[in-house]
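Think of it as A, B, C and D in the order they're written, each chain with its own count starting at 1.
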Amino acid sequence: MSILNNDSNKVLIQGLGRDGSFQTEKCIQFGTQVVSGVHPTRAGKTFGEGVPIFGSVEEAVKATSPDIGLIFVPAPFALDAIVEQIDSDIRTVVCITEGIPVSDMIKVNQYLKDKKTRLIGPNCPGYIIPEKNVKVGIIPNDIVSSGEVGVVSRSGTLTYEAIVQLTKLGIGQSACVGIGGDPIHGTTFVDVLEMFEKDKNTRAIVMIGEIGGTNEQIAANKIKDEISKPVVACIVGQTAPQGKRMGHAGAIVTGKSALASEKIEALKNAGVTIADSPTEIGLKVHNLLK
Amino acid sequence: MQLHEYQAKDIFKKFEIVVPEGRVAVSSVECKEYFELLAKKCVIKAQIHAGGRGKAGGIKLVTSPQEAEDAGSQMLGSNLNTFQSAGGEFPINKIYIEEALNVTNELYLAITMDFEMKCPVVILSTEGGMNIEEVAEKFPKKIIKLFVDPLIGLSPYKVRKLCSMLNMGKKLDEQLSSTIFKAYSIFDSLDCSLVEINPLAVVEKESIVALDAKITIEDDSMFRHKDLAKLFDESQMNETELNALKNDLSYIKLFEGQIGCMVNGAGLAMATMDITMKAGMAPANFLDVGGSASEDKIKEAYRIICSDKDVRLILVNLFGGILRCDVAAKGIVDGHKETRKKTPMIVVLRGTNSDEAKTILQNSDLDITFARDLPDAANKIQQKLGN
Amino acid sequence: MQLHEYQAKDIFKKFEIVVPEGRVAVSSVECKEYFELLAKKCVIKAQIHAGGRGKAGGIKLVTSPQEAEDAGSQMLGSNLNTFQSAGGEFPINKIYIEEALNVTNELYLAITMDFEMKCPVVILSTEGGMNIEEVAEKFPKKIIKLFVDPLIGLSPYKVRKLCSMLNMGKKLDEQLSSTIFKAYSIFDSLDCSLVEINPLAVVEKESIVALDAKITIEDDSMFRHKDLAKLFDESQMNETELNALKNDLSYIKLFEGQIGCMVNGAGLAMATMDITMKAGMAPANFLDVGGSASEDKIKEAYRIICSDKDVRLILVNLFGGILRCDVAAKGIVDGHKETRKKTPMIVVLRGTNSDEAKTILQNSDLDITFARDLPDAANKIQQKLGN
Amino acid sequence: MSILNNDSNKVLIQGLGRDGSFQTEKCIQFGTQVVSGVHPTRAGKTFGEGVPIFGSVEEAVKATSPDIGLIFVPAPFALDAIVEQIDSDIRTVVCITEGIPVSDMIKVNQYLKDKKTRLIGPNCPGYIIPEKNVKVGIIPNDIVSSGEVGVVSRSGTLTYEAIVQLTKLGIGQSACVGIGGDPIHGTTFVDVLEMFEKDKNTRAIVMIGEIGGTNEQIAANKIKDEISKPVVACIVGQTAPQGKRMGHAGAIVTGKSALASEKIEALKNAGVTIADSPTEIGLKVHNLLK
């Protein structure tokens, strides 16, 4: 078993535009079992090597029983797609879409409360489990390797950076999860840390945070109290000027707690090994596992 | 998208929030004329997209037509640099002139999103007129917050509590409460990231008036408010920022830096800036080309970096995911063809189609040093600029 | 509060739902004039508050100005009794005349509250134009329902599914979908208990047009929509019903009954009707004076019952809770002073201040028989009328 | 123990207009421990014999720790009052107010889902526990008597009718609960039936239903499967003409299932004793308990 391992790991794709189709191909190449696509006007057709397309999630679920939903639909339609997947009781929903209005995500967050679905993202690269050949998202196929380090990150491309450093040092990953850069997102650092703690395949955890918000501090508290496995953390945005938006809506420095220094302090206090520079993530893990 | 005060006050009026009588002037003559129409004491306010106008000389009290004209001619056409404008300057093309009122005391009211509570928050403070961050730091108890349930909306009982904490008497309480509900309606119906009234004034101890008005529409929600797009004032951005915005690039100019950065992904961009700084060099900008950049977008990003005279070295760090590196490489070569500027570049290319991308760049006449990864790039920056 | 078709269509137009061109006429001359302005074929429709107008002769197709005038003069000033008007008659004071369109087929669309699902429900059927209850009974599969989550609102994916089940092609699907969203906006923003379009027509195979329009605003929500109160047409109620409504009495005239009932509480009122019926007598009305009735309200209730010529016996059954029996007794005595009609009464008084109430009634000159309780009242009705 | 018995049975009253004040007096006369009132402009004052009034539920709860909230506020403000009491975690909220918009009650119903509060009503007479001298609502004091029959009803005044009949025959009540006549209400027949089933003080149950809706059928299913105690039921509105509103918004005959005959049939099938006429409720219970 690894984290985020569902009954079947069958994946439904919603949103089959240029990017969605391209990335789905990559998922299939990695070995992911993509069982169906959903597209309102391409129902009845197939994509890739014969994956059937349905007009609605309900129909796709009835015909192909996916456990996982992967969303690429454009931002204006993302709320509806997420709700549609939740309403079909899909266990794990990964939303790659960026630019979803905050007010929409507030609704989603509230709607999820009494539902069975776990949401990952939005504005995230999804997750990958090298050992199981399961990839639900857009993490590049060729950088990962199977092993015992769990990676969790708010940033997409920076996750890849960390994975590359690990793989180059011969350190494989049990799973890598991008939880997304938006201020309101489904699965949090704490959720993933909990999963890694329970997961027998994971020996150590890499956590990549950013300036803005207080999620890293909440994670630090969790680590202090409940995570026994060693954690290496890196917080980026140390050189970002205050009050400026750095791309991710979540990465705004507002108030002291949002500062990189505050986050690093909290994590240090929780016994976390800090990679001062993003270039040192791999090395720090390497030293830790020696 | 930020609105000007006068635009925000137009919206306030539609929602029946009380504002002083005022007019927009684009010339000093108009300032004079409107003064005569308005009141014996007026305030002349520069319409720019930055807070802290008062301290920077962007707000002036005038008591005669001549003073109004003088203040107008002094402001219009000049640029303002406030403590909140982060080094940038904002041109004053429009003036808002409005009646000056007898203010008894000043409150602060704002509605924004609370990302931790995952809902809108109404913030009220008795310390209006001041910089609210300062108030938050020095007098945290003077800031009252009220959270809005996404299903129920703004609860009257919570507003009642908020108002009663100010203890201003029934009449003012009712006006304040009504102002809060109206401001929340604006926030909710226009998908705002901020509605701020600072100061919200008690005038002559008997009425509540919004002296200032700030509305920011959430950029990601603009697709639902296409009619508001026409309110966007391009003049408040410099050409580079505007170019970036039009090309959907996330770009911020950083003063005193020398390394121009082109990265995909906000986290990687910040990481790139961090290592640049650790290598002893300051980044000249933050630039995230985003997840799914086209050739044209990359070309524009390259041109933007090249147009910055402070840039001595360009650092490109792309990790192909949804972005394809070969597409990006073509964009860079295209950009170079147009700019013909041979600024030295350090390039890290990984992920989707990165090999094809390297070939494309190697076959160009750009001054390129390839780096394997981020640590390697950090070393190479030092080598290039360190000596 | 029910609206007339022409009022509902005004609202439809504001929300951009497509309706035929039409005008309101209050005279046959206007019918003729408007016909000439509108089209070569028009429909003349009686504006009354009852469904089933078509079968009852309240809708006529006219093809010349003369026909329009004739139809108008025939309808205006007359009363209509439809199969849905439960015995009552509705005066035709206004005509809506509109262009007749070439209808390809007719759909049914309604939005109402689903009390079991505890949320709004959108109902669509391919069997438009028909009595929808009949469709529901005969072809339950031809009725598609969509439930609206109170937090999320109307989900586009659900609307898409609804439309796709009709299989009408992309163009009509888009129009239908947009009509559903607009109708839901009306339902939601005006706190309706019903928005109904029957038929919603496909015209010349290429556009979706609302041929009829029915909007009912929930009475309990009217305090939020005071501007809509002016749309209320008093002429569509008989005087008694109107009196009851104005006095906030829940009153329904039942034809062919002889026992006038005055009860507090809907459940007890229905129970009272049931035992009247079991005693072999039919109730002449349902009348619930409500929880907190004043003297004046009871007085009005008494007058309403007395004004019904069918009533041979009055049964008063009051259980003081929030209502105080002594207040009620005073109201009855006041009512009697005005009407001076000595209809025999059977009176059951219990609960709050019932003893005081009995004294008041005993000291009046009303023809009163007291009953201990409901079983006793049932016996006394039989004694009074049975022989 | 009896049903709806809270830790302390301390009651907070919200809405102290003419009716609210009058009815609160009656509650106190019955023996109910009314500990506080809430009124926005009468904070600091007292009512009755020294019951303190507060400006908000929050303050009242802090100072007087009520378990129960009783609401008399006018319909336009009822949603807010209910939410205010829920937000203060009051265990049992009884809303007497009639005329609350359906759209407001839809929100309340949704809002209650992940909350600890039980709502009774709105548009109901509340409940009374004769043995405990606890009355939360407007059921007349002098008609009840302590005993072993539980009464649950959609109608207010008809509840009183049933209680009178029982008391006259010497049959006391363990508790009487009016669940309210509105189409969307908090506590349902099924909830109260469950409570009576578990309650050792209750030997038999009287259930009074109405035309409209299908709540009686749902209750019938519950009784068939899970209620072992004898139930006497009466359904009023048998003579009501179809399609007419009979006062209670809930009592509209729509569709077959809303008819009295259908409800009676369902209850008979569940083994319930039917009182054909509302005059026979007491007698039927009397015969049952003989």
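The definition used in the following text is that a residue touches a chain if its C-beta (ideal position, glycine included) is under 8 Å from a C-beta of that chain, and two chains touch if they have at least 3 such contacts.
Computed from a predicted model, the values in this text were never measured in an experiment.
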Common touching chains of chain D and chain A: B, C
Between B-D and A-B, the pair joined by more C-beta contacts: A-B
Greatest separation from chain A - chain, by CA centre: C
Between chain B and chain A, distance of the C-alpha-averaged centres to the nearest whole Å: 29
Length of the line joining the C-alpha centres of chain A and chain C, rounded to whole Å: 55
Shared-contact residues (touching 2 or more other chains) in chain A: 107, 110
Two or more partner chains touched - positions in chain B: 150-151
Graph class of chain-chain contacts, one of line, ring, star, complete, other: complete
Residues on chain B engaged by chain A in the complex (per definition of touch): 84, 86, 113, 115-116, 118-120, 133, 136, 150-151, 188, 191, 193, 218, 220-221, 223-224, 250, 252, 254, 263-271, 273-278, 282-283, 286, 288, 290-292, 319-322, 350-352, 373-375, 378
Residue ranges of chain C in contact with chain A within the complex: 149, 151-152, 155-157, 160-161, 164, 170
Footprint of chain C on chain D - complex, ascending: 18-19, 22-23, 75-76, 96, 98-103, 106-107, 109-110, 125, 138-140, 143, 153-161, 164-165, 168, 181, 183-184, 208, 210-211, 213-214, 234, 236-241, 243-251, 255, 276-280
Residues of chain C that touch chain B when the two form their complex: 150-151
Residues of chain D defined as touching chain A within the complex: 113-114
